[in-house]
Structure formats: structure tokens, C-alpha cells
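This structure is in C-alpha cells; I'll ask about it shortly.
Letters are used for the chains, namely A, B, C and D, taken in the order the chains are written, and counting of residues starts over at 1 for each.
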Amino acid sequence: MCRFLAWVGAERYLDELVMNQEQSLVEQSRNALIGKTSINADGFGLAWYSNRVEPCFYKDTNPAWSDANLRQLAHHTQSGLFLAHVRASTGTATSRNNCHPFGYGRWSFMHNGQAGGHERIRQKLDSMIPPHLYQHRFGATESEAIFLIAHGEGLEVDPIGAMLRAVERVEALSRTQRALPYMRFAACWSDGKRLFAARYASDSYAPSLHYRNSEFGIIVSSEPLDANQDSWTEIPANTAIESDGNDVVVHPFLPSAPPCQVSAA
Amino acid sequence: MCRFLAWVGAERYLDELVMNQEQSLVEQSRNALIGKTSINADGFGLAWYSNRVEPCFYKDTNPAWSDANLRQLAHHTQSGLFLAHVRASTGTATSRNNCHPFGYGRWSFMHNGQAGGHERIRQKLDSMIPPHLYQHRFGATESEAIFLIAHGEGLEVDPIGAMLRAVERVEALSRTQRALPYMRFAACWSDGKRLFAARYASDSYAPSLHYRNSEFGIIVSSEPLDANQDSWTEIPANTAIESDGNDVVVHPFLPSAPPCQVSAA
Amino acid sequence: MCRFLAWVGAERYLDELVMNQEQSLVEQSRNALIGKTSINADGFGLAWYSNRVEPCFYKDTNPAWSDANLRQLAHHTQSGLFLAHVRASTGTATSRNNCHPFGYGRWSFMHNGQAGGHERIRQKLDSMIPPHLYQHRFGATESEAIFLIAHGEGLEVDPIGAMLRAVERVEALSRTQRALPYMRFAACWSDGKRLFAARYASDSYAPSLHYRNSEFGIIVSSEPLDANQDSWTEIPANTAIESDGNDVVVHPFLPSAPPCQVSAA
Amino acid sequence: MCRFLAWVGAERYLDELVMNQEQSLVEQSRNALIGKTSINADGFGLAWYSNRVEPCFYKDTNPAWSDANLRQLAHHTQSGLFLAHVRASTGTATSRNNCHPFGYGRWSFMHNGQAGGHERIRQKLDSMIPPHLYQHRFGATESEAIFLIAHGEGLEVDPIGAMLRAVERVEALSRTQRALPYMRFAACWSDGKRLFAARYASDSYAPSLHYRNSEFGIIVSSEPLDANQDSWTEIPANTAIESDGNDVVVHPFLPSAPPCQVSAA
């Protein structure tokens, strides 16, 4: 399991959220309060949008708390839309290629969760990636695969529906292995204008996901960044949200009856 | 293109070959004399056999000349069979997972060369890896894929024939892309008892490969390690050698597909 | 605060202690049970003695749990005398040069603790290092400085007395800053034949230190490696031990300056 | 010897100079044309000024050509004043703490050159750093020491004179060792408004330094970035320049008769 946060709204320095909060993302890399993995120190990543259409990525394999470059970049970079992630590997190597967020064109994506039996389904997962996107398959995580499969499902024109179909397809593959949990999925993705987030699980343990709405913009975060719980809204399971920094639009995010269900819990 | 060397024979310190030679492997990482890529600084790796059946690997992404751990380990480690490699990427990322030598069970493998159009054939290459070995597919190089495909072809019982068939299959795939050169291949592999090396290309530019035989053992190397050219034997193209540290047995290494055929399937 | 362990006795694989224990050193890097710093993930290091007089060092800045090379080396390396350390920085950078163990000639040294006001005394500390040893001052920790100062105090001929004098001198410097705690010191050092360990603090919080004696050798460790507490002996504060793998000799380790004096020079 | 470039003038993307030139800085990291060290792959660094008073630093130990983060950051970051450096170590470790540019407050500094006998004078060099600045002494290079000593000499109010005095003092120290060359010095430094550059040597081999002036600003570079030699002006030895992006002011940069000369060449 991992931790992440994202911002869409007015331009602000990244370190205001990544570092200078009671339960900032860097604090979560040492001491996550929700979930069973308190240490998230198998790499980290940032994606932010500025003047170019494509986002800028900074990712590395150190723990977030000790990376001197991360402190510098987060302190000096301003953006109106950014994603930040700290990783706790569920098996694949600690490698920059496995660090979130992932990118393709204008899109960025980050994930907290897993697909059951990932090691056994990985080859089939790789074969599900559209051929013209395989050159963007750099690492070995199911997260990156889901992102590229979602592109094949039409992420560009249907950002929530395409992601839903990608999750459905990977969950179906996972079910063929009968390895629980089939799918745990909390994710954020963006095209540089809108921020999308979704929370789902094939069982009753959807990874935590919250957001806070203010006049300046919206924060989405695995955990509330402070103890003022009232200001944070938990995103319910099977739900996606979408925001351009002003309003928050809520969508259902519920994969259809598992297409290849073998016999689930 | 990369550079590598290997030793089979009496136990010796690794740094005697990796560092303390006129044209040592570390010197080749800065200043290779043969071939067009004089700098081989996109990572390095060692595999050596000692008391366990499986070899020990040390690999990292730094240039070999500046890695303080490499200096330490090569100075203190003795082995009667070891492989050492410095990498010049032909496209894939500088990542530990892409560093040679690769390992599976008792086997180790390293490669200098390329398969034409690798970026376009990579997904098909991945699908050619036997499913039960896919969990050992850590990186994105064609080299690692060839090694795992060779295992599927029976490397355990037919070390040279299986490697030949793997090279044939990958070359055939490469030909479908009509991207020259289809196959350039200089490689060493070992099961901890015997050292195998082969040199081949689908055109007339097989990557350089030499060996030197002494009473203490055999060195295989991309380049002669010293100016005493008489003591080095060039391995001819389309040829493999095999040695247990005493004799050198020479085999043909010629894939059945016509090696210079230009029209593809 | 950091965690470390050391072994002197019969040859054994490093991973038997570094990894394959209930509360192994790698487990302590994630979840130390004693002391206030449960995460020790700011780098790690190994030093082991084999055929050469000088020890071999492998050190890097990753968390110990995710370093693939560490797993390999600890699994394949056998030694009758080795030191292993996981670091939690008390301020200085996460850098290989700040990773323990440190080495000079045949000697190795590792430390858990701190000198009060280190940042303010660092320049004076550097000036206390004997000039002919300053080329071995690679990093910025007080630990490395204590080690080099101990060499200047005659570590070669008086391993415990010289270390005691080095600690005394650094504590005295620390007292000039009136920054508590003046000195916390748990350490292991070796010349390749004998293993020394000491535990001391200028206040009543000497960092934890234990050892276990068996017919095959002696383990020294910051924390017991298993729940069988009876088999572990706590080294008392103000005490050093010395062992060649057979007997354990106990020495006082009490700097002449009153250890709990609060008013500084 | 190292390679560097700097820009002051209109805002522009860093990769326009760092990457997208015939003889860009990244190209110089592989293949420097002037000077005897063609490979500059022992780390790199960027410092750029944007909205904060202090510059932002990104530095790492990989070769510049293979660092995926560097490509991203240089492609997405715009600045009207930046410094960029690729390092070829003259002895000290490949470590982020030894990578240029160095920073203190609003100032940044980078250097190509060396002080003779550095290893032997390092402790005295460290003692010359003003005590209140020693906490900013992170690495072991003479370059960082010169920068901090220059701060002690009044860099804030006399940017060229203070640097000159620092160079004088370090050269004097170097002369006490009689280790040639006493001083080779090409450097750039900035307070975020003005860019300073100087070229000097105690012998006749001052490291190369050039600049190009256009209506949009000034580039300073170790080597011309393109073959259009007419557009580049070589900075003569014993000379400093200063620019705010419009004019270039030329100053002498000639240390006085060596203050502690023991008997020079």
C-alpha cells in the first residue's frame, strides 16, 4: 500500500502540502496512520503541470524524507495541479520505473492498491497493454499496466469510464488466479485540467481516500493532512470524483459483474 | 554496445582482471578501444560463484569507475568462475534491472549486442518468455529476454543449442520489423562449472570477442586486456566456445535462418 | 540513533544474522523495538574480514530492506568476523560517506549515538583529527571523527583505552556547547582478530547493547535478535567487552570527566 | 576538470542550453572537446532562480546523459538566471555533496579547476572556513571551500574582490605544499540578479571559459555550444566578467603576489 495526495486549484508551492502539514505526505512516508503499512519508503514521485501540456515528473527510489532534491523542488515549484506519491512496494522492485506517478502524453496517474496474484498474471497483464503503448511500459507494476490499459479503453475521451473498464479487466484477470484480494484501487489521474480520483475494492477494504474543498481548490489525499477531521470528506467506496479546482462532481465507480468470475469470496 | 569479461579456472581476486590490467574492464568503461561506443557507463554488474550453487550478483547503475563498492568487492572477492559487465544502453533505461549479468537458478548470462527494432518487438518478445519464468523478467532488455527464452529452449541440458535457438527466435522476430541489424550477439553464460561464450551477427559485424588460455584458466573478454596481442585468440563469428578452465572446446554457433538475408518474413 | 550487530567466531553466512532472525538487523531497520527511533533507513553498511588484512566494505544509502545487492552479498558471503549497521541520521546527510562501518587500515568501526551540539562543534572536531589521517575523513559524522581521533590516541596498541580517550575528548568539546546530551555512545570496532564493544553515556541513557555467547562465537547487537531474552546479556553502561570468538573479557569504559556533570567547562 | 554553463537574461527553458545544442552541456558530459578530460560523468547539478530569493538546486551523482529526472526538469523549468555543471572528479568521491553548484543564502557557485595538493591541504582549508558557515560545508571539494571562504571575505558586498581574495588564500595554502598546479580556476557565481564569471590560473593553463552575448541575454560556458566560433568570446586569463543579462562588464581577476609563497615555479 502507498500514500498519495493531489491538488487542483490556485497555484501553490508543492511543499505546502507535501511537507508543511501535520500529517504531510512526507510524514506519511514515515508514519502513515491509516492502513497496515506505516512505512512508505520504497521511492516517491511528483508530477506537476505548468506551462507545457505534458506534466513534469520527478521520481526517485530514496525515502521521501531523506531526498534533498525533493525538498528543494517542492519548496521552489508552484503549480495549480500536481500529484505526489510515496510508495510501499507490494512485491516489485524499488526502481524509478516502478515509482508513481506514471505519465503518457498529457496524462498522469498514481495508485494505491494491488491486483491479487500480480506475479502470476503479469505476463497476461503485459499482453493486455495496447501494442502502440507498450513502449511506455517501463516498469513491472500492475498500476502502470492499468494506466496504459485505460488509455486503450479511451481515457482521452471518457476518463472515468475508461479507467473503470481497465480496472474491470484487470480484476477479471486477477479472479482467474483466485488470489485474494482481486482488486484494491484508490487512484488519482489528470489531463492537466481536471483531477479525477476513484476508490474501489472487490472486497470491503477499499483503500482510504479523502478530499478537502476550499475556495482555492481541492486536495485529494489518502489520509487527512491534519486533525481537523470535519474539513475532510471521505470518498465512499465505489465512487469517483472529478474536479477542475472549483466544483467536485461525484460519479459512481462500480465495475460491472465480474466478467470472468471463477468463484469469488 | 557493452563490454564484458569472464574467468574460469583457479580462484583469483576479481580486481586482477576487472581493474588491474592495462585495458581492464573498468578502463573499458571509460575508453573502449574496439567498436563505436567508447563509453560504457550505464551501469555494471558482477556475478561470481563460490560456495553456493547459485552465483552472487552485485549490480548497480553508476559508472564502474566511480563505484566505491565495486572497488571493495572486486578487491576482496576470490572466485574460480566469474562474469563482469559494463553497460552502454542501446535505449532502455539505466536501471539495476537492466544491468547484466542476469541470473536464474545456477545460471548467469551477459550480453553485448542488440536485436533490431527492439522497442517495436518488445511486447512480442515478452510473450515468448515461458510463463513460469516470467516472474524472473525484471527489466526491459532484449538480453534478459533471450536468456529466459533460452531456458525455455532447454539451456539446462543443451547450453549451446538452447542459446542458439533463442537467438534464432529473437532474430526471426526482429526480421519481421525489417529493422537492421536483426541480431548482434556476443555473450557469456555459465552454470557455475562451465563457461560458454558465443559470437554471432545477422550481418558481418559480430561484436568483438576474444579469449586467452593459460595454465591457470581461461579469460573471455570483449577486448584484449593488454597489448600482447599474440596471447589473445579472436573468437570467429558464428562460433561458440566452452571451457571448464582447462580445455577450450569450439562449437559452431550458426542459427539456421540465413544470417545475411535482407528480405524479411 | 542507529542499530548494529557484529559477529566473531566460526565462519558463517552474514544473512544468518543480518536477515534470517526474528528481530534481524534488516527487521530492525523497519521496526526497532528499543529506543525512540523505530525506523533506521538512512543507509546501511557491512564490513567483513576474509583473506586480506583489511576488511571489505559494502555500504549504500538505500533502506536495508530494499537493497537487492545487500540481500545477495549477505546470502553469499561467509566470514568469521563481521560488522553490520543500519543508520538513522541525527542530522547529517544520507550519503555513502556517512554510512557505518568506517575503516582505516585493518580497523573497522561502527557507532550508535551522538555528540551534543554536533553541528556547532564539527569544525573543531575536524581539527582534532590527526593531520595524517584527515585524508580518511570522508563524511561529516561525529562517529567517523571519533574513530579517526581514536587512531591518533593509539587504537593500534590500546584499542579500548584509545577509544575511551577519543570519547572523552569529543565529550569535552561537546560540553563547551552545553548542548545535551553531551555523549551517547554504543560502538563496535575490530582489527580483524578481536571484536570490541562499548556502551557509555554522559547521562543515564546509554544506547542499548547486548551480546550472546555460544560455543561457535559471540554476537553483539543493539537489540536481542530473538525473544529468548535469557540467552542475551545486556552490556552495562560504562563497560566495554572484548572477544576473539571464544571468551568475553569485560573492561570498564568510564571517561575521566564526571559523566553526569551538567555544568560545562 | 569539469564543464559548466550559465545563463542570465530573458526567461528560457533550461534544456535549450543544457541539452538542445550541438555541443550542449550534456554532450560535453560525454565528449568535451577542450581540455584533457573528455568524460564529465561524476555527477551534475542545476541551480535556477525563480520566485524565491534562494535558488533551487537539483544535483545527483549519475552521468548527466542518463538521468531521467534531469531531462524532465530541464525540459519543464524556465528561468532567467541559471547555472548548470557536469563533474569530472579530481579525486574526491562521487557524492551529491560534492556536486556543483553549491549554495548559501541567495548565492550559488560552480567551479572547474583544482588546488594543488588538495588532499594534503584539506584540513587547513576546512579550518579557513568561517565558523558560522561551517554548517554549510557538506562535502570535501576545494570548490565548496573556496565558495564559503569567499563569503567570509565579503562576497555579499564585493562579489569579485571577495572571490579573488578567497582564491588568493587557497592558492597560498596550496603553494605551501609545492604541489603543482597551485591553482586552476574557472568559475561562475550569482546572487540571483547578476552573473559573475572568472578565469585564472597560477600557471599558464587557465581552464577554458567563453561567453556569448545576444539581445536576450548572456551565456557563459566552458566550451562554445556550437561551431559558430565567431559568436563566442573567450574570456582571457586573469579576467572576470559581470552581467545582469544586458551588458557585460569586464574586471581584472589577478591575485596579488602570493602571500605565503614558499618558492613557486
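Here is the rule we use: a residue touches a chain if its C-beta (ideal position, glycine included) is under 8 Å from a C-beta of that chain, and two chains touch if they have at least 3 such contacts.
Bear in mind the structure is a predicted one, so any value in this text is a computation, not a measurement.
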Q: Moving only from a chain to one it touches, give the least number of moves from chain A to chain D.
A: 1
Q: Determine the set of chains touching chain B that also touch chain C.
A: A, D
Q) Any idea if chain C and chain D meet via the same residues, over half in common, or different ones? A) same
Q. Just curious, how far off is chain D from chain B if you go by their C-alpha centres, in Å?
A. 40
Q) Considering chain B alone, which of its residues make contact with at least two other chains? A) 68, 93, 96
Q. Graph of touching chains, which shape: line, ring, star, complete, other?
A. complete
Q) In their shared complex, at which residues does chain D touch chain C? A) 93, 95-97, 119-120, 122-123, 126-127, 129, 131, 134-135, 137-138, 140
Q.
List the residues on chain A that touch chain D in their complex, please.
A. 50-52, 56-60, 68-69, 72-73, 75-78, 96
Q.
For the complex, give me every residue of chain B touching chain D.
A. 30, 39, 41-42, 61-63, 66, 68, 89, 93-94
